[in-house]
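Each structure below is given as structure tokens.
One chain, chain A, links the two complexes that follow: it is found with chain B in the first and with chain C in the second.
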Partner chain A sequence: MKRIYVEEKWCLGCHLCEYECAFANSGMTDMVKALKGKTIHPKIRVEDGKNVHFAVNCRHCKDAICVNSCIAGALSRSESGVVEIDRNKCVGCFTCVLVCPYGAVMPDGDGHVAQKCELCTKNLCGEPNCVAHCPNRAIVYEERD
Partner chain B sequence: MKRYVIIGNSTAAIHAVEGIRSLDKEGTILLVSDETHFTYGRPLISYYLYGKTDEEHMKYRPSDWYEVNGVQTKLGVRAEKIDAKEKTVTLSTGETVGYDKLLVATGSRPFVPPMEGLDRVEQSYSFMTMDDALRIERDFVKTDNVLVIGAGLIGLKCVEGILSRVNSVTAVDMADRILPSILDEEGSRIVQTYLEGLGVKFCLSDSAVKFESNSATMKSGKTLSFDKLVLAVGVRANIELVKEAGGACERGICCNEKQETSLADVYAAGDCAISHDITAGVDRVLALLPNAAFQGRTAGVNMAGGDVSFDQAIPMNAMGLFGLHMMTAGVYEGEVYKEHKDGNYKKLFCQDGVLKGFILIGDVSRAGIYTSLIRNRTPLCEVDFDLLKTRPQLAAFSKTYRRENFTKEV
Partner chain C sequence: MNTFIYPEYEVVRNQDNCIACRVCERQCANRVHRYDEENKKMIADSTLCVNCHRCVCLCPTHALKIVRSGDTYRENANWDMQTVNEVFRQANSGGVLLSAMGNPKNFPVYWDKILLNASQVTNPSIDPLREPMETTVYLGKRKCEVVRDQNGKLVDTMSPSLKLNLPVMFSAMSYGSISYNAHESLARAAKALGTYYNTGEGGLHKDFYQYGENTIVQVASGRFGVFKDYLEAGAAIEIKMGQGAKPGIGGHLPGAKITEDVSATRMIPQGVDAISPAPHHDIYSIEDLRQLIYSLKEATGYQKPVIVKVAAVHNCAAIASGIARSGADIIAIDGFRGGTGAAPTRIRDNVGIPIELALASVDQRLREEGIRDNVSIVVGGSIRSAADVVKAVALGADACYIATAAVLAMGCHLCRTCNTGKCNWGIATQDPELVKRLNPNIASQRLVNLLTAWNHEIQEIMGGMGINSIEALRGNRLMLRGVGLNETELKILGIRYAGESL
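After this line comes the complex of A and B, so read on.
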């Protein structure tokens, strides 16, 4: 399947992907209205290390430990391989946060349920918005082994 | 065509079916459970009472899951006897069914220590199954004063579920602190203070020695009166089927890394089975949902002719109480790194060059990075642990690690 891959040598650490993610998942079509004056809760996060920057989001693991560990059956793997979360089933126990080795599942803005990257399959974008707007192609969306 | 029989209908059983079906689409699967409900997330019963979910959303799998996976179910039926020689299981209906591969995923049951007069208490409840939750929902009323025996994980999740439904809740524990199985003393105090602030009452270092219909006489001499009593002292693994069939058992059913019991073609997984805890280096029951899932999957794949092992069992808990989250894993031994500020509490335990355990209360973000260090027994010399101590982050890992994980399928 197509996945998001991150090349840290190209990452500028601009954090634009975080804003594009928050915008894509806001359900709104005007970025300014969607984000201005608001605290964002993106599903992709840039880490700024000593001399390195890189974005982290869900790896959509083939044998995803979050899916196997979910106490509610709220996390599942779709036929196309996307690790999805059913917000209506999630009870916010955050066992997924406890097990994800990438720290890529997190509480949502309200803190009541978990959220994670679903490759923009459930919003208006259809394809990952962070990839579309990365100014230096540090985040790509493609098929790899 | 193989005949699979699965005793149980919860996490381990479901993952075993999925494991079987990953290799064998043809074999027949018969699933037997004494519970009548569609498979549900068992730990969700507290969230059900708390109002965070409902019966429909508690379904652990989609409604057509049994059909899609070709599973014949016998719900409300008890497996009563295993004949490991004849390879049959006798059911409470009187039927005897044959198997080629059998999974015992019978879970555990509430343990009720002998306490004088307990039979005089009419309004007594346990907190383990959906039916328990439904009984509590039906019976508990606003004017009730509830006494919960046990201030561990089950007892306190029950407290969370019922607090707003009743007049008062008092939790009793023999231990001198709450959640003694997952927290250290300081952590217990933090959570206790938080819960007391919400009105929960505690009676610690004490135990009930005698019951009347609506009161308990405590070891300390105190008398606690109640309208409803919840028993959440602990659980016992349901090992009897395997034990009576001659299979090796300790406090749980003994099994190897392939989930095979000592009986040929009989597997065990979940809360009834013993795991090898790699952090403590001992065999013990790890009654945790993820562990049941990993074991169940392993059993299923092996039952269908695959060859997989599960050798990364660790104790770990994600626990939330009234919005306060805590995460713990491993054992609390070795050198300690501690932070306690802004309402957040963190302790990391390192020994023999690896992370052995942690306790996080409050800020639990990205805890899985710590958990994976424990699970993988990652040598701390391979990561920048000074950086990791302050915050779990992948910048503390090597470039190679990040390349392996971010530029390839994982």
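After this line comes the complex of A and C, so read on.
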């Protein structure tokens, strides 16, 4: 399946992907309206070290430990391979947050349920918005299996 | 005390649109932007801004723009603001003013005073989409005599030459003045396009020997990085006698830019300033030049054409005549608008002549002396578009060199502060954090796009004139007409005024 991969070599640590992610999942069509004055809760996070930057989001593992550990059946792997989360089923136990080896699952803005990257399949973008707006093509969406 | 100089440009932020994502802050090497925690908004210090537009381009909500600040002294046609500020800067520092990129002063741009012809009624124009249209160019000596061997067979050994798929090459920019990624982008683009890029005088990084077939290696007065493998790696060797942006003076790459890699490539100690002398200390005459040309040819088995690059100066026609007799295969002429990573401002803005006039006079002189076929002529120094290329070819050039247009394609916004080494676009810098901003996967594609577009335009313009081969356009000055030019200018350019028929 097509996945998001991050080329550390080209990641500038500009954090644009975080804002593009938050915008994509805001349900709004105007970025200023969506994000102005708000604290964002993106599903992709840029890890910054000294001279090292790396955007991290869900790897959509084939044998996803988050799916296996979900006590409510909220997490599942779709036919196309996307690891999805059903907000209505999530009980907010955050076991998935604890078990994800990449730190790619996190509580959402309200802190009641978990959230994770679903490759923009559930919003208006269609294709991952972080990939579309990465200024240095550090985030790519491709088939590598 | 230093006189305060109000910034010429200022950053304007539309606070209604700013979402305080701090991308501008993270992307500015000059530290213009910062986040004010107390007021929860972004602020900018325009005194630090060089107007490179990195923040403007990356702002996701288009909340930023950079405008003329509008601060002005009492108007004075003689002492304009920049002139006054330069006096202040020199009184502050006591130093020679440095600038980068090409001469920005308001001198006439002759390309814009030359108009092209098109076919109407009596001669058919050609549609390049339906009929063949040749833009391939060979650079090097042309044999005019028919020579037969003792059996009466034609002797068809050609002098070494360069084959270009389109009449444009990337001109010299050294590794050191521009980044590793910029060089990689140029090399990959040259290979993809079937043309050449030029190492400049900084040597050739070992990673780029693989692009040797599309590389012109330069030998300049500093001789940086020159050794046998280097000479053999390239498709041609260029002797740099002068540069359009700073004719008559050498170069100076500050020690801070001599990183480990640059030092290894240039074969000089790390952290030590790289000084290119103003003259080649072994060349004081055309005869000396000939010796170097033949030394280089000898070293490479007479397999590679040798280019001699000179700046366009007052006597360039006579100089070119000498070069054409010296054994060189190609003459490259660099006009006074050519770019640079750093030059003394007074030199950049006041020395040299326009490439259009230099080209016309050189081509004319070589024709008159019957030695035009001894050499090909390549011109650079602000070739800005496909139209400039076509006009240059019609004035007598075989091909053009572009560098400013190439760095623009890679992201440069002509802020003209390459000399600071803090290029926010990752081009004119050696800071690894800034260099990585230029991804060669993107930049090489943009260069290919640019020249592919130019080639389409060249074909379209040629087709309009009823010409189906760039060879038939070369030196075809009847395809040109001047506007707004005086008699002397028309005479030097060798063209008629618009409205004059054959």
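In this text, the second predicted complex is superposed on the first by the 145 of 145 C-alpha atoms of A that agree within 3 Å, B and C clash if a C-alpha of one lies under 4 Å from a C-alpha of the other, contacts with A are read in each partner's own complex, and residues count from 1 in each chain.
Note that contacts are C-beta pairs under 8 Å (C-beta built on N, C-alpha and C of every residue); 3 or more make two chains touch, one makes a residue touch a chain.
Remember, predicted model here, so these are calculated numbers, not experimental data.
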| item | value |
| --- | --- |
| Fit-or-clash call for chain B and chain C when the two complexes are aligned on chain A | fit |
| First, second, both or neither for A:G13, with chain B first and chain C second | second |
| Partner chain(s) touched by A:C61 [first = chain B, second = chain C, both, neither] | first |
| Per-residue touch tally on chain A - higher for chain B or for chain C | B |
| Which superposed partner A:K36 touches (first chain B, second chain C, both, neither) | second |
| First (chain B), second (chain C), both or neither touched by A:N136 | second |
| Partner chain(s) touched by A:G126 [first = chain B, second = chain C, both, neither] | neither |
| Minimum Cα separation, chain C to chain B, after superposition on A (Å) | 16 |
| Shared chain A surface residues [contacts with chain B and with chain C] | none |
| Contact footprint of chain A on chain C as seen in their complex | 16-19, 21-23, 26-27, 40, 57-58, 60-61, 63, 432-433, 436-437, 439, 441-442 |
| Chain A residues touching chain B - in the complex, by the definition given at the top | 3, 5-8, 47-50, 52, 54, 56, 59, 61-62, 65, 68-69, 71-73, 88-89, 91-103, 105-107, 111-112, 144-145 |
| Sites on chain A touched by chain C in the complex | 9-10, 12-16, 18-20, 23, 31-32, 35-37, 51, 133, 135-138 |
| Chain A contact footprint on chain B (complex, rising order) | 15, 41-44, 47, 52-53, 57-61, 289-290, 293-294, 297, 316-320, 323, 325, 327, 329, 364-369, 371-372, 387, 392-396, 399, 402, 405-410 |
